[in-house]
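There are structures below to look over.
The same subunit A turns up in both complexes below, where it pairs with subunit B and then with subunit C.
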Partner chain A sequence: MYTEYYLVVDLATGEAEEVELEEEFVEQNVGGAKLNLALYDMYKDEDPIVFGSGIFTSTMVPGSCLGVLTAKSPLTGEVAHAPITWNAGAELKFTGYSFVVVKNKAAEPTYLWLHDEIADFVDASALWGKDTWEATDAIRDEQGEDRIQLLIIGKAGENKLTSAQVINNYWGDGDRFGFGALFGEKNLKAIAMRGMGELEVDDADAFLENVEALFKDVVAKVGDAKGFDAADFADIPADLRAAADKQTHRVEADFNSPLPYKVYLKYREDPSVMDMTDNWNPGVLVSDPAGFAAIGKAVNPDAAGEVLEKVFRLGLNPVAVASKLTAKDAAGAIAELEKLAESSEAEKFNAVFSPIFPESERMEAAYIAGICPVLAAKVDSLNAEKFAELASLTTGLEFDADAFKM
Partner chain B sequence: MGDLNSKNLHIAIYIGHGASYSWIWFVKTFDSLGFNEVYFLDESDIRDGQLDNYDCLVVPGGDPFLIAEGLDEDGLDKIRQFVFNGGTYLGVCAGTYLSIIFNDNPMPWLNLAEIGINNFSISPPEAVRMKYKYLVPYREGYVFHPVRGSLEVGNKEHSFKAPLYGGPPMMAPAENRLLDYVDFDEKTLYLIDEDTAKETMVGNAAGIKIPIKKGCLYLFGPHFEHPSYPQANMFLNDIFSNLRPMTNGPPKKSLTMMHGDALRDWMGVLKRELSSARVLSNGLMNLRWKIGEKVWEDEKIVYFLNETWKTLKNLQRYETLPMENPKELETNARHIHSLLAEIRVLSKEGEDTNAQAEMLIDATKKLSKGLFDAYFNLKRNIWWSNGKIS
Partner chain C sequence: MSIKVEPQKCINCGACELACSFYRDEVFTTMSASIMMYREEVRNYFGLMLKEEDGMIEGRPEGAKFVAEGETSDSEAGASAKPILMREPCDKCKDALCARFCPTGCLIEVD
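Our next item is the complex of A and B:
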């Protein structure tokens, strides 16, 4: 269920070392946030950021999208785990590295390009200063694939603001810990990933049989929930919801998840038009419903999508910056955001800390297993006992439910 | 698995001008069937007279016009002499068309036997799908392809499934017939009206054997070498198991034994370049190229590169690799990467990329050949030193 190696990247020397992911280490630490933490401890003297996958990430287990960023939060001073949804966690494993430890600091702006067991350090000087959307497009164009997955920072991260967020391609995600500032501190513009690797399963037939049954159960429990109705953990006011409904174009789900809780809003063209048009930036994906709610409470509801787009482009944490906005209109709020992102180190403000996903007794297990926490919070069969059963089946090792606790 | 002796057959696979990627299927199938003496020839190798070192020549799918052009009359005659002197010629699809006379005014190809085909017409039926690739002009008419994909072939003893990608339904005498087209199945893709397709195909020969002087032709429409069709592979195995080695194989070449840091560095370069090429090829947006009379879709490049990648990964397991020209493979890998980058840029600007695609196919073949050579060199060395494959 894991690749043979994890990768240790030293930005200071430009060297990348493959280290064998030993069975005993997996047996002790399972994966996701738990294994990330063990790696963090191993390299903690070198200021590491660990990006890792769960034991089921990129497999056929429902909701197997999750990657986890683990590092010391510049905001709280504590080691924290940020959930990374969508496709980045799965793509990491397909690159041939289930975990990557990024340590020390690059002398010049750099992005890390991981592909098929290859780690390249690429000069990012020309990308420094670009917003996350421009930089994502530029990296994809440079490497020649639009499906490259990126963890990337904007101006806020470059300026090392504690309100900076690591952005997932174009969209905000689970970093509420100022990890964007850590990327900036390391001169790391992005981690770019594309892989076509394969995973081995110990008992493939039994695994498939189990997963098929689990998927049916999960689909039945998810039911018709979609869009903002599925994102009920976010406190979205009625007027914001009404405005967003008018702009809703489509809903999307994370990798291998039947729960489409992400909503794409179009405000630069008719949202009822489904065909692609010449307008490449017609709106924004509300990938972080709680962040959208925070922005929507701060500005006019009709302007929330456009303001959220600017938050993502600058690589800011929407919950952190919402309370700093005074303008209600889009243009005014966007101008304020640009000013915030340009703040100097001395002027940085203390961002508000807030977890992105709802607390849940299954959250911990999901962070270790590599399962989308939104889905795990909704479906009780995605629990530590089930994960232990599946993990034992697929690895040939013995896991119990306690293994899926930190 | 047949007589062990037959496993020592010296088999040459033609991968030169005009051969498509399907020769890789032969490599994989021969490998799984336990044939170790597998080699690769291009048009200049054949013109140079190298065929004399082999028992069998496999001419795979591709474009017979381009294959004939590459070989020219000199190369074609070398193949004829090879068969007359006792060699076995195995043609699939393009390799079959290349070898037979099916028109009163045949193209100047091998023309080793007069065998009619039932998919030649001056007024071919209309296409119902894939209009861009169902028809190939030939003299006053057209060779048309009624169906693609899986279908059923058989004889009085047995029947099995095999895939067809343009090979002919042959109107051969009973004594030459090994297999007929029996029926279509649920995966058959109709390129023309179903009834007309059946009339064209069913009951005609899918595989024939024609002894010529001291040698023999085995000519197939379907790709019995396709690795996803094990029964078809066993049919091939039965044929090869009944052949006996007559030659000593090619002369031993000077090999560089790569190991240690040099091997690791070399492997790193190849992996980096090939991975980048794979990423780029996956990012191409439904491109098609017409090279000769054959239409290449970009997904074929993806397949080609993925198979090359698998070979490289397989070789990565070994501590020592016997390589013919490792530097040339490095150059090839870099060339493939840069060609794909160029194709991406040009195609986004709406420019024609046929010339680059042709170079890309050629470079990819050369890289694949080099890696497969290393693999079979290794396999033969391990086999002969240990008596078994590890």
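Our next item is the complex of A and C:
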């Protein structure tokens, strides 16, 4: 269920070391946020950022998308875990490394390119100053692969704002902890990932039988929930919802998840258009419904999508910056965001601090298992007991439900 | 048996890629499937391609169509799925995992 090695990257020396992911270490720490924390503690004197996968990330267990970013938050001063949904967690494992520890600071802007058990340090001087969309396109062009998954920063991260967010390709995600500023501090523009790796399972037949039963249960419990109806934790006001419904194009799910709670809004093109047109950027993916709600409460509802796009491009945390906006129209709010992200001093934000996903007794287990927390919060069969049963069956190791607690 | 594709139901989860790869090699990967997702991410134009013996089914947002081997697709979309030409074609297996693990009915097994 894991790769043979994890990777330790030293940005100061430009060296990367493969370290064996020992069975005993997995037995003790399982994965995800819990194993990340153990790695953080091992390297804590070298200012590490740990990006790691859960024990089920990249497997056929429903919702197996999750990657977790663990570091000391510049905002809170505490070690925190940011959930990264979509495809980055799964792609990390396919690179051949289930965990990567990034320590120290690069002398010059750099991006880390992980692919097929290779770690390249790539000069990112030309990308410094570019927004996340431009930089994502540039890295994908440079490496010749448009399915590369990225954790990337924009100007806010480069300027080390505590409101900076690590962006997932073009879209915001679970970093409410100012980790974007840590990337900026390290001169790390991005971690780019793409791999052709394979993960083995101990007993394929037993695994398939068990996971299919779980899949059917999860799909039945998800039912018809989709779009903003599937993101009910986000507290989206009625006027914002009405405006968003008029712009809704299609809905999407995270890697191997049956819950399509991510909504693409088109505001530069008729949302009913399904063909690919010449318009290269017709809208934004509402990858973070709670962030969208925060922005939508601050500006005019029909401007929320366009403003959110700018938030993502600058690499800002929407919940943090929403309280700073005074303009209600898109142009005014975008001008305010640009000014904010260009701040030359690291502003300490006192904005409302909130988790991206609802508190849930299953959240902790999901963060360790590598399961999408939005899905886990909705489906009660995705719990510590089930994870322990599946993990024991598929690894040959013994886990109990307590293993899926921090 | 064959697979019918209704791309408008696709939610871009990629479960089919995982499932088909697992059927072939009993490992978790997306790389050995006869199915590939493609995505023009900023434009939100996404779907899947299914390789068959004599061509492939392109499941685009506007609908599915069969493109015979040697024919050229009329769109730049799907460039990310070009490596599918290197993949094994669908062997039309019975009780196909790709359809069993598709959560929306985008892929359906038909006689």
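One rule holds for everything that comes next: the second predicted complex is superposed on the first by the 399 of 406 C-alpha atoms of A that agree within 3 Å, B and C clash if a C-alpha of one lies under 4 Å from a C-alpha of the other, contacts with A are read in each partner's own complex, and residues count from 1 in each chain.
Throughout what follows, contacts are C-beta pairs under 8 Å (C-beta built on N, C-alpha and C of every residue); 3 or more make two chains touch, one makes a residue touch a chain.
Please read all numbers here as calculations on a predicted model, not as lab measurements.
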Task: Touching partner for A:N159 - first (subunit B), second (subunit C), both, neither - done: neither
Open item on the list: In the overlaid three-chain picture, which partner chain does A:L285 touch, first (subunit B) or second (subunit C), both, or neither?
Closed with: second
Open item on the list: For A:T3 in the superposed arrangement: first (subunit B), second (subunit C), both or neither?
Closed with: neither
Open item on the list: Under the stated touch criterion, which partner chain does A:P258 make contact with: subunit B (first), subunit C (second), both, or neither?
Closed with: second
TODO: Pick one for A:T85: touches subunit B only (first), subunit C only (second), both, or neither.
DONE: neither
TODO: Going by the touch definition up top, name the partner, subunit B or subunit C, that contacts more of subunit A.
DONE: C
TODO: Look at A:N317 in the shared chain and tell me whether it touches subunit B only, subunit C only, both, or neither; answer first, second, both or neither.
DONE: neither
Task: First, second, both or neither for A:N210, with subunit B first and subunit C second - done: neither
- [ ] Could you tell me if A:D116 is touching subunit B, subunit C, both of them or neither one (first, second, both, neither)?
- [x] first
TODO: Please indicate which partner A:I148 is in contact with in the superposed arrangement: first for subunit B, second for subunit C, both, or neither.
DONE: first
TODO: Show which residues of subunit A both subunit B and subunit C reach, each in its own complex.
DONE: 145-147, 196
Task: Complex contacts: residues of subunit A adjacent to subunit B - done: 115-118, 120, 143-148, 194, 196
Task: Contacting residues of subunit B [partner subunit A, same complex] - done: 268, 271-272, 275-276, 278-280, 282-283, 306, 309, 340-341, 344
Task: Sites on subunit A touched by subunit C in the complex - done: 58-60, 87, 94, 133, 145-147, 169-170, 196-201, 204, 208, 212, 215, 219, 222, 226, 249-258, 260, 264, 266, 274-277, 279-283, 285
TODO: Provide the residue numbers of subunit C that touch subunit A in the complex, in ascending order.
DONE: 8, 11-15, 18-19, 22, 25-31, 39-46, 61-62, 75-77, 79-80, 97, 100-101, 103-104
